[in-house]
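Read from first to last, the chains carry the letters A, B, C and D; within each, the first residue is number 1.
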């Protein structure tokens, strides 16, 4: 069980380290855009997509009109809408394309990425910087850099550290949204599906 | 390719045969309930679930508020809503349970089934009878009955005939809904996702 | 109910008309590639994606190793695998990109499209031509062409005719696959999920 | 941003507190069952279902045969398989039913729940106890108990604390599985989808 405990610690360490890059203004801008958008779309590939869905579900519980790109009933995105795109590297092909189309149609683009200077980061209206070892670094040829990170790398394989940090940050945002919208847990509960 | 052609013919025959069980009043009631509901939920298991999703997508294109049970952003179902449940046998466990909960909460239940006397059929407010060999008959011990249906049975394995007939009927309903709501194809196109 | 019946007839007509473009050799090649591939991936956008899923489910019932692009457990595609891509226009952005990557990695590309000369058609190893009014034609400026098709166009809005014809053709292929693999309906039933 | 930071801290606290309930033997049994099963199914409702999917994806990356209940290509579950069911309360209707059917068919049931004495807990072969405020407690009439938990409750609404703790624990399990199976991060990377 030692490895499991070490992996959990590595994940918690990453989240704590990443917290220091959180910025009051970025968070405020996210809240402002999300609460004033007509519809909020979310997108992400693989496990980042699961984090996106977990957030979209809470947006719905908050009474906001949220959609997951690729699910059955997602309509056309338009001016007045926003889209939250999650990509550790900021270079995931389908996610960058989706963000580009959305921007071109007049929607605001919110990004969660470890690389603000990435393609996604550069086209985003607002970014929350989510530090976390991403799949990009797995490809990184820089042996030294890996050595410094030591065992951590194999304990949080591929994008694990980024994905979990992004998810926890988004659940943090939910608290801010509840407060900004004056919503109680009871309000959320009333929106929760009963068909499961 | 002979088998393929025979299978296609068997599917077309089933759809044509099933058309005779269509009833003017049932269809009118479906249209009335769908166009006046606050939200329209859809549900079905396996390939019937895919037919349900294909219909929910068109309802969204029509500008209606539709949801697929089990997708990320489906909220609580309430009085004023309706749910379309698709089950050939009318006895699919999760679908019957979902319909029961929905009814208890005051939502109207619309059913597509081959068995109006089934559990689903009995609790439904409105039924469209979709004749079609269903998975139930695969289990049927009645050897003679199978013989009569002859080759057809293996050409449309499991619920194929039911599922495709249900889907075609639902696309027929879309035409009625377009007419009832005064919607053109251009209106639908404007709602179609652009993120693919 | 008249419109509904007319729409159903338009769908059936489209399927029957499209049958004439079916080609013995294409079908045989599809069967050969599908039955010898290590894994069969399927992909399609929107309702074409639902047709792809319906087919992937039957491939699984047949005991083949099938995957839906974008679902949770889809692994890397490699040489030895094949991918079935469904796109009426043959130009759907994500589908063409997916097919390109798959081909570059050595997988065989099977296409269902109304436009064999499209981007998808041109890179495909094998094509089944599925005639059917597609979303492309909705965009078509050629007023006359629309007039000729008359009422049909609004009865099968957007890609409806293509999607349903593709689905029925794929279920026809299932019959051929059952025969080629010596599978009975009972075999398929044994693979069917019991958790619904 | 204060609330967001507090929420993140509440989530981290919950994970750390829950770690103390982890048990060496339970973890070893999970690893043993997962690595020897023919197929590993996962299931969970809502956000617990997203945690289940995130884990199933990593199992696939590890080269294991994993399936998500309800996704297109999930086959029949049988003796020799196992199913991981995630439910904070251990009473989620569809999850308990799914576990019951699986057990009856001879599959092993692994549970992640906060309530080992729940319906799910009682029928499970192995349990990992995931402490965390669950939706059950939201319903709890015990006012005092809520008071003690204080602000925490609104910072991690509904099942948030349970879901995130479950997810982090499962990523901890992945480290153990990598070690037990002698897999490197490179092995996982080679299985990762390239179609996104």
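FYI, a contact is a pair of C-beta atoms (placed from the backbone, for glycine too) under 8 Å apart; a residue touches a chain by one contact, two chains touch by 3 or more.
Just so it is clear, the model here is predicted, and its values are computed rather than measured.
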Graph separation of subunit C and subunit D (steps between touching chains): 1
Interface residue identity across copies subunit B, subunit C - same or different by half: same
Approximate Å spacing (C-alpha centroids) for the pair subunit B, subunit C: 21
Mean-CA-position distance for subunit D and subunit B (Å): 33
Between subunit B and subunit A, distance of the C-alpha-averaged centres to the nearest whole Å: 36
Of all residues in subunit B, the ones touching two or more other chains: 53, 57, 61, 70, 93-94, 192-193, 196
Parts of subunit A lying in touch with subunit D, wherever the complex brings them together: 1, 3-8, 11-12, 15-16, 19, 22-24, 27-28, 45-47, 50, 53-54, 57-58, 61, 92-95, 135, 138, 153-158, 160, 163-164, 167-169, 171-176, 178-179, 184-185, 188-189, 192-193, 196
Residues on subunit B engaged by subunit A in the complex (per definition of touch): 41, 43, 53, 56-57, 59-61, 66-77, 98, 101-102, 105, 190-196
Of all residues in subunit A, those that touch subunit C in their complex: 70, 93-94, 97
